[in-house]
Amino acid sequence: MKRIYDIENGEEFSLFVLIKTADVKTARNGNPFIAFTFQDRSGSIDGMYWSATEKEIATFQTGKVVFLRGERDTYQGQPQVKIKAIRLAEAGEPDDPTMYVERIEVKREVLQEEINEALFEIREPNIARVVRKILHQVDNEFYTYPAAKRNHHALAGGLSYHTVTMLKIARQLMTIYPDLNASLLIGGIILHDVGKTVELSGPLSTEYTFKGQLLGHIVIVDEMIDRACTEIGINTDHEAIVLLKHVVLSHHGKLEFGSPVTPRILEAEVIHMIDNLDASINMILSATSKTKAGEFSEAIYPLDRRKMYKPTFK
Amino acid sequence: MKRIYDIENGEEFSLFVLIKTADVKTARNGNPFIAFTFQDRSGSIDGMYWSATEKEIATFQTGKVVFLRGERDTYQGQPQVKIKAIRLAEAGEPDDPTMYVERIEVKREVLQEEINEALFEIREPNIARVVRKILHQVDNEFYTYPAAKRNHHALAGGLSYHTVTMLKIARQLMTIYPDLNASLLIGGIILHDVGKTVELSGPLSTEYTFKGQLLGHIVIVDEMIDRACTEIGINTDHEAIVLLKHVVLSHHGKLEFGSPVTPRILEAEVIHMIDNLDASINMILSATSKTKAGEFSEAIYPLDRRKMYKPTFK
Amino acid sequence: MKRIYDIENGEEFSLFVLIKTADVKTARNGNPFIAFTFQDRSGSIDGMYWSATEKEIATFQTGKVVFLRGERDTYQGQPQVKIKAIRLAEAGEPDDPTMYVERIEVKREVLQEEINEALFEIREPNIARVVRKILHQVDNEFYTYPAAKRNHHALAGGLSYHTVTMLKIARQLMTIYPDLNASLLIGGIILHDVGKTVELSGPLSTEYTFKGQLLGHIVIVDEMIDRACTEIGINTDHEAIVLLKHVVLSHHGKLEFGSPVTPRILEAEVIHMIDNLDASINMILSATSKTKAGEFSEAIYPLDRRKMYKPTFK
Amino acid sequence: MKRIYDIENGEEFSLFVLIKTADVKTARNGNPFIAFTFQDRSGSIDGMYWSATEKEIATFQTGKVVFLRGERDTYQGQPQVKIKAIRLAEAGEPDDPTMYVERIEVKREVLQEEINEALFEIREPNIARVVRKILHQVDNEFYTYPAAKRNHHALAGGLSYHTVTMLKIARQLMTIYPDLNASLLIGGIILHDVGKTVELSGPLSTEYTFKGQLLGHIVIVDEMIDRACTEIGINTDHEAIVLLKHVVLSHHGKLEFGSPVTPRILEAEVIHMIDNLDASINMILSATSKTKAGEFSEAIYPLDRRKMYKPTFK
Amino acid sequence: MKRIYDIENGEEFSLFVLIKTADVKTARNGNPFIAFTFQDRSGSIDGMYWSATEKEIATFQTGKVVFLRGERDTYQGQPQVKIKAIRLAEAGEPDDPTMYVERIEVKREVLQEEINEALFEIREPNIARVVRKILHQVDNEFYTYPAAKRNHHALAGGLSYHTVTMLKIARQLMTIYPDLNASLLIGGIILHDVGKTVELSGPLSTEYTFKGQLLGHIVIVDEMIDRACTEIGINTDHEAIVLLKHVVLSHHGKLEFGSPVTPRILEAEVIHMIDNLDASINMILSATSKTKAGEFSEAIYPLDRRKMYKPTFK
Amino acid sequence: MKRIYDIENGEEFSLFVLIKTADVKTARNGNPFIAFTFQDRSGSIDGMYWSATEKEIATFQTGKVVFLRGERDTYQGQPQVKIKAIRLAEAGEPDDPTMYVERIEVKREVLQEEINEALFEIREPNIARVVRKILHQVDNEFYTYPAAKRNHHALAGGLSYHTVTMLKIARQLMTIYPDLNASLLIGGIILHDVGKTVELSGPLSTEYTFKGQLLGHIVIVDEMIDRACTEIGINTDHEAIVLLKHVVLSHHGKLEFGSPVTPRILEAEVIHMIDNLDASINMILSATSKTKAGEFSEAIYPLDRRKMYKPTFK
């Protein structure tokens, strides 16, 4: 099926797309119009809807799937839709918004299996029970949320994908450094970003929630562990529980990055470093995937705005 | 009664004192000896106990009250005890270690009354219930713990004294800025350092506890609030509860000072600034109380090692 | 009387307004036009004056009060005036520019009384005489100038209002900390920002002056104290004078904020902290006064761009 | 055989040891004496040699192996040798200084094999030839030098051991991130610290050399690559060569850590992060290997002086 | 001859100019147009070329000299060319692009003489030979390249002009501080920025080259010295060579400014400071040359965005 | 005449020396003793005076010249005096303390002549009069004070010597950059550190004064200029006076180094840079003057603790 990315300049088309943003503005003549951004998994495109009625403004809102008929045009060098007709998708049509949002390419089942395998490495029974309980509580969000609003792994499913990649690295490191404590390392990685299921609003038009802004995902996951202990009946003064909390609290590595304590056990330091490693690689690969070999990418903001070169050889 | 501070050079004396530290060392001749620091509320003095037996080493440990007979001597310009006799304090004698530790001069009852009055300013019922419940749980520690291991208010009772001074300032600010939210401001101040009752070991030979080092007092008090809600049956998503947690989590003002989130409501910013204000005044007054008018104090480390001048006029 | 804030879209109106800015530009057709911003105490609005003559350009300049007839229109979502007629305000009409500038709501007399009361707390005679002399010299500017070009208390009268609020806090602190030296604290607060009467150009279209840019208000007030001593006949080596200079020189708290020396007496530190406290509260209240309960404010730039939440309960 | 670590207090012993340091001082009586530190692989111990003759001073110098007869004593709580006799080790005796220096436990052959295997992953022919040539040039130093004067891997053989561990991590990452360029990643890791064979003086009493201090190991290895190209006949403008230089030049990650350029290709960033990861793990494991389970280690200086906790469970 | 700077508004003109930039864009009507910036030594001016054919787009590219007929117009307050005719400059016409680029006003011969005189101050024979050899290799680039892409001395010939000014300062300092080592100081200054002949693309539309971005001019000049030694047959371990490399490697003064080592000899520190001094003076004089006496210049970005005042008196 | 530096170990001697420090301590036996440091221009030496009487303690104080009879001994590797007799220098004997303090080697007359010549370059009459007046006021201190308590030019006469060296550099720069404003450059350099005549206590046992600690030399010189204007009758709003103040206020270059304003005219920036240049060269030459060619100096603290290499060739 055709997608936004495939339409050529001047081409007429009819497509189901998601309304990513819908800003109501006033034209020079005083009439309201809607400045849309439409989206599907192949990309996004802008379009102005002139002289919108109040009812149309109420209908065509962010997050809705619409059937759009238009012609691809160019404005100031940017592609744009000349909107010819627009209506909401109906029952029986492909009206699930999540189908239009970019998401990771790996299937949920594959990730779940990786998580399940890793769970078996947790030998300390209290950590094992707490991790399983929390995973069970956030099961759906864990596999559908992004890992961030922007920057690294900012796409649906990114949270679990990022977690699983960190687990792969960690399990390899355990063969190289046998002193690593598997229970803390594996348990800590699985939980480290689980607070994002409360901090963020979800995979669609991701925003920070009220609790996300005022408490932050690091404290949120600490509370999750604390409550899980109470519910299971584990003493929260137990060394393993204090250390599990510690590795998630300290996983940003430094106070200035938002951790209330700095890493004080080996596994906390290692989780912090693997987290950074996977995030950096993900951001660089995202940027260079849009770059021709032999050229530099766009500036990557979280990496000090560096532009990364893509070699021409293997 | 005579106290350490009162003894003159060359004077013989008999006193009950607390063993503040007792380090076992080996003398040039290979025999073990104990390097004591003795303490009462007037000050402290060192003394060497030569050729200590194993039994004596096991008996005279940190935190014990002893009856000490000796003569005040001088070594390298510092006062020192020539120990003549030493024994543990017995039942019926003044053997309560807390009697020998420097503490604030205000009575607990006075502080309790100030706290109680402030509690009436909390109009939001959920905050009021949570604050009262936690205060009840830590009642004894709250009035006996210091506010820190060193630096400001580092003496027994300092935690409640510091809290009450902050409450006084806050209540005055509420008359100057009527927009301040009393429930969050008063509730936040009372709880802001309550986590130190877990982070620190107590008023005697204060150290950081295991949980203190790995979680920190800011996260500890967040958990206390969370658990209090569960026990009382308050929904932790309630706006007032999220904001109460927020003001305690953010009271260090900046991430690099250990808060996992920065202040996002007025009262959080104000609590942070009052906290700093009282801490700074306390450190400066401590330093200048030992300084003659017209001279500079010792360097105050947490204030960028500044030496503060004491004016000669009022 | 109607004001800019009250006019509705499409409404025709006639109003006295102040020209806040008047930028001359050239239109596509080569003719000059004036891009105005008009202002009264309720707000401001833009308007284009097409095909302006040289005489009109010379007449309608920043700082002039004009009688404006027009119609409120909208351009790119922003309100705008379609100018129908414009002329200078004449004698007998409300042509005092200061009437159109936002100013504090407290009357000058009220502030003056607060200052006068505070003056009686200054017991050290040299400080008392210097402070009174300088206040007398800058009397008019002190009560009409803003405290800053932008950020906190950036409105007419803001300088004295900010000073009086600091005095209120200081006088309360003196009851809580009786060791505070009233002469230095009160004298220092009154003078701390008096240099802004030279550093800034005034309440109207506030800019930094030549001396303001090259010397800064901190050095300017130091010179004012020095000269006042010479004029009164006080020895500038007198301890009280050196300390008075010190508290104003150090009131920015740290070198990197523009103080040439850091606080070395208690009162210098306290003035610095009260200054910050009032400035922060002022900026937060300004931002949240434009915010609905339950929402976040606009980003506040001097407070690390934080957006502040406004609670829904008291 | 007995070693320094095994001798008990008061025990008499005869041992071959290495003179780690030999400082000549003057005693109170005006006579010179030698303050020795003796070393073998089990540890080190101090000892004073009183009334040393000029000949003895000339004989017993840093780096010499001696036969030492003495008695273990204690001075100020520290073990010390009471020297009874001392003479240089003779031919036929164990007089190779490197036998007394702590070194990694893995055999050179094992490391060499790992390096050789990794070399086969370099598919880009120019990189492959340059890396092999340089490895050949520094063959002996590469397997005997430490990776640093102090901090991480600061023991004989540490350079190659650290390099091999990084290679292990890199090869695992290549399975997780197949986009990684093997030639640059493997080639870059092998060469990244090879400049230390010139920057440091060797495994014995390691110091920075003249060139090490003035050029630094990062520039030194860049020159090695440049010369290898000239010798082999490879154009130094070849993309692969420029990139190989780039990954070694940028491997400290940031300018302030001594790299003249920051990472601009994925592999440069990854090498930097693996380098940090292995160094941190090595320092933490060194510290906790001397710590009892359930306690905190000594402060680790390069890790912000953090003390690391050693859990009691696996 | 008339130049861009001399044309008045509304005037028709015919001129040879250089195409500084030529960006192809799409107009509202879908047709491509070229947004030109034309340049000669007196300044630059924009102009739109509507409905450009593919052939025209291919012809009128950055770096070409064209004969332009047009009329000076104004658009949004900025001067602009209404293009009437445009064609490439032909053989026999002034078609050398470098004639249209701003360059220093001093003649190459004058600079060469200054360099030659300075060369005689280098008494150390190895340094003398290396410096002469490298100067010979980059002879043309050295006198035509700018010293930077923007900021200081960013005009054709700026590299040699900056170098010569530094030499003048250095030679004066040698009379004030006779301990300065002339060979290192003079040799170091001449070579310090020679790497820019590889790092930058040239005087026309200056960009960073591939090697410039990945290696940087500091490492590039180190390699030049190293290769020159090999070619001449000088041992690169020679103290004078190591120090010559050191002064160029460390001339940015601090690691965070891109030097891989910090200055460790007097001359390295002095070169760093003279470099800064000349760069700062050059930037300030450039800015104030466009400023009226009694006013402040535009903000100078590399100098913390400061605006510099131009006094009205001498 | 013999000096401290010349005495050999074991030699008996009689010398006039200055008491640099005299700390009273208590010996193990409870008797007070004086720990002296004696000084002449060749160096300094310690010595203990046992069982000092109260009268001796009152007599032999810091800053006194004494006639000392003793024997040079060694204690813990350091030279020390075994004191045999000590008495105050009497009238007629060399009892001027300044004769025993290290001072610059250039004669005051030479420096004065340099200053006088430079004064003629100040063409702006107001600046000329202010500079001459202030120089006249501090005439004696200017030629005898050090430029700092420690670090650069920290010896008697260092203030004027440093100033004159800066003038030499400035006058050379004026030939290279003819745009430099001589009045501001020369006037600013002469005054830039004149405030140190109030900030410091003098050449003997240099300490910061009360005003030095609370106001700092930068503000002190600003006040000197302000007062000089009042006394001469120059309007302090005169552009030249404001700029003269500006160059001295901003000569530390950045706020964090203690300037209340940053340089806003060319000459301010240049004075700042010349000041740094001469201070750095002075510190490096001081350090390397005690270093053998081919070795590294001691660490220089204000230069980031760098150790500087001394080349073996010219």
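Order of writing sets the labels: A, B, C, D, E and F. Residues in every chain begin at 1.
Here is the rule we use: a residue touches a chain if its C-beta (ideal position, glycine included) is under 8 Å from a C-beta of that chain, and two chains touch if they have at least 3 such contacts.
Composition by chain, UniProt nomenclature: A, B, C, D, E, F = HD domain-containing protein.
It should be emphasised that the depicted structure is a prediction, and the values quoted were computed from it without experimental measurement.
Just to be sure I understand: going only through chains that touch, what's the smallest number of steps from subunit B (HD domain-containing protein) to subunit F (HD domain-containing protein)?
Steps on the shortest route: 1.
If every step must land on a chain the current one touches, say how few steps get you from subunit B (HD domain-containing protein) to subunit E (HD domain-containing protein).
2
From the options E-F, B-F or B-D, choose the one that repeats interface B-C, i.e. more than half of its residue-numbered contact pairs are shared.
More than half of its contact pairs match B-C, so it is E-F.
With centres defined as the mean C-alpha position, give me the subunit C (HD domain-containing protein)-subunit F (HD domain-containing protein) separation in Å.
Inter-chain centre distance comes to 44 Å.
Report the inter-chain centroid distance for subunit A (HD domain-containing protein) and subunit F (HD domain-containing protein) in whole angstrom, where each centroid is the mean of the CA atoms.
Those two chain centres are 62 Å apart.
Give me the residues of subunit D (HD domain-containing protein) that touch two or more other chains.
Residue numbers touching two or more other chains: 213-214, 239, 243, 264, 296, 309.
Across the complex, what residues on subunit F (HD domain-containing protein) touch subunit E (HD domain-containing protein)?
Contacts found on subunit F (HD domain-containing protein): 123-124, 165, 168-169, 172-173, 176-177, 179, 181-184, 239-240, 243, 262-266, 269-270, 273-274, 276-277, 280-281, 284-285, 288, 294, 296, 303-304, 306-314.
Write out the stretch or stretches of subunit F (HD domain-containing protein) touching subunit B (HD domain-containing protein) in their complex.
Touching subunit B (HD domain-containing protein) from subunit F (HD domain-containing protein) are residues 25-26, 28, 30, 213-214.
For the complex, which residues does subunit F (HD domain-containing protein) have touching subunit C (HD domain-containing protein)?
Subunit F (HD domain-containing protein) reaches subunit C (HD domain-containing protein) through residues 210-211, 213-216, 218-219, 222-223, 226-227, 230, 236-237, 239, 242-243, 245-246, 249, 255-261, 264.
Residues of subunit B (HD domain-containing protein) touching subunit F (HD domain-containing protein) in their complex?
It is residues 9-10, 73-77, 296, 309 of subunit B (HD domain-containing protein) that touch subunit F (HD domain-containing protein).
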